[in-house]
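One chain, chain A, appears in both complexes that follow, with chain B as partner in the first and chain C in the second.
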Partner chain A sequence: MQGGILLPRLDRAGLAFGAVALGLAILIPVLNLLVSTDSPFHVPPHVVALMGKYLCYALLALSVDLVWGYCGILSLGHGAFFALGGYAMGMYLMRQIGPRGMYGHPTLPDFMVFLNWPELPWYWLGFDQFWFAALMVLLVPGLLAGLLGWLAFRSRVTGVYLSIITQAMTFALLLAFFRNDMGFGGNNGLTDFKDILGASIQADGTRSALFAASAIALALGFILCRWIVRSKLGRVLIAIRDAESRTRFLGYRVEQYKLLVFVTSACMAGVAGALYVPQVGIINPGEFSPANSIEAVIWVAVGGRGTLIGSVIGAVLVNFGKTLLTNALPEVWLFALGGLFIAVTLFLPRGIVGLWTGYWTRRREKQAASITTQPVTEGQ
Partner chain B sequence: MSTRPDPQHTQLYLDGVSVSFDGFRALNNLSLIIMPGEMRAIIGPNGAGKTTMMDLITGKTRPDKGTILFDGDTDLTQMDEAGIATLGIGRKFQKPTVFESHTVWDNLDLALAGKRGPFASLFHRDGADDDRILSILDTIRLSARRHVLAGSLSHGQKQWLEIGMLLAQEPKLLLVDEPVAGMTDAETAETARLLREIAQTRSVVVVEHDMTFVRDLDVKVTVLHEGSVLSDGSLDHVSADPRVIEVYLGR
Partner chain C sequence: MRMLLLLLSLLVTPLAWGQATGPLIDALATDDYAAKEQALTALTETGDPAIVPALKALEGGQLYRRLTDDKVVIGRENGDNISLTDPLSGDTLGSVPAGDLELIRVNNRLRRAIGASLGALTLRSPDAAVRRTAAEAVFVNRDAAALPLLEAALAEEQDAKVKRSLQQARAAILLADANLGTEEKLSSIATIADKGGQAALALLNPLTGSTEPAVAKAATEAVRLIDNKLAWAAAAQNIIYGMSLGSVLLLAAIGLAVTFGVMGVINMAHGEMVMLGAYTTYVVQDLIRAHAPGLFDWSLLIALPLAFIVAGGVGILIERGIIRFLYGRPLETLLATWGLSLVLQQAVRSLFGPTNMEVGNPDWMAGAFQVGEVTITYGRMWIFLFGLIVFAALMLLLRRTPLGLQMRAVTQNRSMARAMGIRTARVDALTFGLGSGIAGLAGVALSQIDNVSPNLGQGYIIDSFMIVIFGGVGNLWGTLVGALSLGIVNKLLEPLAGAVLGKILVLVGIILFIQARPRGLFALKGRAIEH
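So, the complex of A and B:
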């Protein structure tokens, strides 16, 4: 925009979001750990874990919004990046079990002993180190997104075809991870975790710390996304979304932009998955289910695509609704989700945030109109 | 055919260019030369290959055979759209194509000549080129609407904004596809003025159906028919050519 701004603009929305997330990261653990269980303000541990799960979903939704809302890439496979990040963390947690497994093998996880694996496969090496697992949480989803994006964007695969490819990718991974000989625990996945970074995964303190880590990761993800979308890069992304060939004829290599944002987004989804797994205590191939990826897109649509904050609101609200509804009427949930998607598409094309900003714009316009007409009415 | 000038001194040089789509010959041995600083109008009936020619020059389509040179020595058939655009060829689409959810200002800012890589964009500092944008806004008569979203401009204003974006690119050659389609008479006259102003400093190729507008431009005209050049010269000259009358004007 216009104006000679020398310093990088202070991002008020990003800072405000960071402050709220940081507040939650402190408040919820305090209410859980320091407030007595008799107090009405006490937050029970299972609620802490539930809220931590919502925040991981919110980070996943944020990553979907970055590619879909700003660059027009409708990924129906982001759940795969989430699950891969989750598996990388799960592998670390499995190796932390050590000889405490049911079969008491010093290095092999239980499922490998059960399936008569002679030794740890090469791709499990290194996962006993947290730093290595953390690196893989970013690297594996990032590389997969880089490879898929490089092939697809270079060949100018766009729109529904790209969506189908991403959907096929997550489905292929679902089938692969179901296989026992892949070495990822087959359909049971990875579970029975004991420790994370030396702390018991069941302890209240660990749960609170994981919640705080999720809140901070979400805040960092939000600030990163704000930085991207407010830079010139973000304006090029919107340009690509609105008129891809015009952007190309202006000299921008569209595929480079798409690839950069797709890989960034996949890494964010990977981090979300990695924080999700220790809080729910299991990762299995079901996380690759195409329905999960579609659900993430619905969260963004409900909250309002292309707004960032909308994706966070959408993810938390829809999942809160899911928790309530699956407790009361489990069989109704999928119908409710489908109905919600149709309703949002028909009546709220810009989502909850769009409804809110639309209301304020109309109100301001009405006020502006009444101010300009006032002198006339007074004169009469 | 007369002796062709040495490609070395030309702005754009097309020689024996042919391309077919599913057996249909869209361009058939097309040869065309645009000199630096020249403005040329290209007319021809639907399907004559006008838009295909622009697709070939801008790298959207590759020719089956033939030579396309820019600045006398750069082979355009080996480059992609972005490469050709940064070389200095701007293209205006038939339908006005601007970034509707960006402001007029941001549309021009994105078009400004400069680094095009994603990391350069991420660390780009705003505000360095404000004077340049202000002067383009003045040229395209949109100064008052600079903070308005491009999507809310009128059809004619969108056409001008797109021309302004091409100016911001600082191209040596401008390809303009039917700039006055759907414009009012006043807007058409204004567009002719705008293009003449632009042509003072660069080469311009205009594809147009509107004969009044072509007359307003007052430049050399090339008539395309079935993918090759049928006739060229002044508008009066080609209008008098019996072959042109038969295929195009007489219908």
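So, the complex of A and C:
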């Protein structure tokens, strides 16, 4: 509530979303920890972890919506930023295992002992500190996005070319992280985590805390995105989306705006990945697969591109459907997902939120029309 | 004089053959391996080609001792019984139960000796190719016992190539002799250096540490020369591999060059069209195996038009059913076709199962041939040629037929083309069908070298897009150059950086290349592309 006083420009939607997310962040842990297991209101720990996972996906979808919905950059590589954030967190969690690994080595993670690494490679240094890992969660995806974006936007690589290049980027990272000598655990990735910030990662309390952290991160991400898209910056972004050349001719440095929003979005995806990893307990190169990135895009498309709230709804709904279907009818899931891609692009170009707002707009127009002009003579 | 002697010996030896070898062969029937080896040496020294079948049978575990009369015979399993033939004359000796025979066993040492003997004995075969193989075998075995036979063969050899091989084999045997004079060592080294290859390197390497300075120097020099030659051969081999990979990429990308390059449609399901082509090949082969096994060698040629029709038909359906509603919205097209690729993959997985399908190679695709030090498999060669043929055919179609003219007209200026009476919707469908059909053709070729599984297409889609972008969208020549150069660069990087890192470097390289030339290698000039 205080946010509303500190940031007077914060709009109702942002506030409402923040309030709902905050409510969830309190409600779910309470229902998990304080309500007895017999009660119908009790939320079992695995459901908490599952919902936490959805919220991380929602944050990823939000970051995709920011660049795709408001700036017209269809990134097919946001899964890479997500995974990089996840790896940064995974490295911190690996260092926290300390001498409790299977081989009992004081500093080296198990897979390095197994592969005969003599000592910790330089890029693993510092990851025993949480603040450093947290910094890297933002910095590594941000730097990669900055580099790629700077190169691409400067050369005016746009549209599908950019999409395919971002896809190639995540594909290259996928191949790279599969290599054992990269020092990131090869195809097994990083797993067997024990502690986070001194608390056992398996404990119900930690899971609830992680869920609450995900909800708060999602709320902050949403408020940040709202703030961006409603500011003057956001207006320019929409102008770039709709008429890039015209915006450039009007004197805006299009590539700088794009770069800024692309890097911001990548950092958000990195945070989502970092929160995702402790809740699922593993990060492996599969997260880099191009299919993951493109799935995140379809969440946004289902919910409604360029609406922010739509991406959150889409991510939660599609993943909920995925959980249900892959359990009940695993064969059908790919048909359903594929069909969703086709159906949404053909029949629901503005997504669920678009459908909703469209319905209300039409209804209001109809009401307005019936009030002002009693005898309707001409068609709408 | 020498010729006369030789002629004489040729006249005389056949008389001596046969009489002496019979008892020598029977001497093989002993349990003592040393005695067996002696018998083998004695047999080899006769130089009688008639013992070759017996030695081959011995090597293959088909030479037996008949318990009734201790005679050595060749036996081939025939149901429960073993049918016998005479080891020298090849006459059939009826069949006996296995209990009447005792197998003459060989150990590894003996097996090596047999190999050397066979090499030496076939040195005078009437077939030049056989003689050459025999000389190569002697070169590798370096059996001193073969030297007399080798020299005799050398004296009467007419064929220059075989003669060179014989001389090299002789040099190899001579070098193994520690008492050889320096002069002869030097000339042997020169002969072997002339041969080149890994086997020669193995022979010469120990000599670089020789106590005689002249020999050590000559050997070092020869090793350096051979290493140099081998490095060039390895580079040439890598370029051949690269061209082969490039032709595979070309086949996968060329259909995309039509749908993406010419039409501007992002078809993420392109890889699945390739997969459909591969599965068509599988179905065709399956039917042929079941109903007309004799046609198997023709299976690929039968599959080609069918794969084109299947993939092209699915392509036309996709265009009519989905893509035509999304023209002008490339990002939505990308998403819809990605969804389609998921559906197609799962459909194939549900129909055929998730495992790899067995697609056989016809005889004319199997095997390899040698050009210098470079090995080329027939399969790769045909795929390379096929890639070029498809490319040329597509070029002709686009440049020389009314349909190609209409396609180019529609892509350059749709409304003007329509105003001139071209049915643009029909041309769109046909163009997309053509691109997909070519992907189907690629699938037939890929089924020969890759695993036919539902994920087949996934492995090629990103590479294909990269090639089309790299070569320049809308330019088929760019696709050709892009595919071949990417293939070659990939294979040249592989030995330096490893397969995966090489691929990553290529991807990063392309991303950087796009910075410098956003419109690709062969960009279309003019403002038409600035949509």
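To be clear about the criterion, the second predicted complex is superposed on the first by the 364 of 380 C-alpha atoms of A that agree within 3 Å, B and C clash if a C-alpha of one lies under 4 Å from a C-alpha of the other, contacts with A are read in each partner's own complex, and residues count from 1 in each chain.
What we mean here is this: contacts are C-beta pairs under 8 Å (C-beta built on N, C-alpha and C of every residue); 3 or more make two chains touch, one makes a residue touch a chain.
All figures in this text were calculated on a predicted structure; none of them were measured in a lab.
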First (chain B), second (chain C), both or neither touched by A:248: first
First, second, both or neither for A:239, with chain B first and chain C second: first
Partner chain(s) touched by A:231 [first = chain B, second = chain C, both, neither]: first
Superposed model, chain A: greater residue contact from chain B or chain C: C
Partner chain(s) touched by A:341 [first = chain B, second = chain C, both, neither]: second
Partner chain in contact with A:176 - chain B first, chain C second, else both or neither: second
Chain B versus chain C as contact partner of A:161, first or second or both or neither: second
Partner chain(s) touched by A:96 [first = chain B, second = chain C, both, neither]: neither
Chain A partner contacts - residues on chain C that touch it in the complex: 266, 322, 325-326, 330-336, 338-347, 349-350, 462, 465-466, 469, 500-501, 503-504, 507-508, 510-512, 514-516, 518
Of chain A, residues touching chain B in the complex: 1-6, 228, 231-233, 235-236, 238-239, 242-243, 245-254, 256-257, 260
Contact set on chain B toward chain A in their complex: 58, 60, 80-82, 85-86, 90-91, 93, 97-103, 105-106, 109-111, 116-119, 121-127, 130, 133, 146-147, 165, 169
Residues of chain A defined as touching chain C within the complex: 68, 74, 148, 151-152, 154-157, 159-161, 163-165, 167-169, 171-172, 175-176, 178-179, 290, 294, 297-298, 301, 331, 334-335, 337-342, 344-346, 349
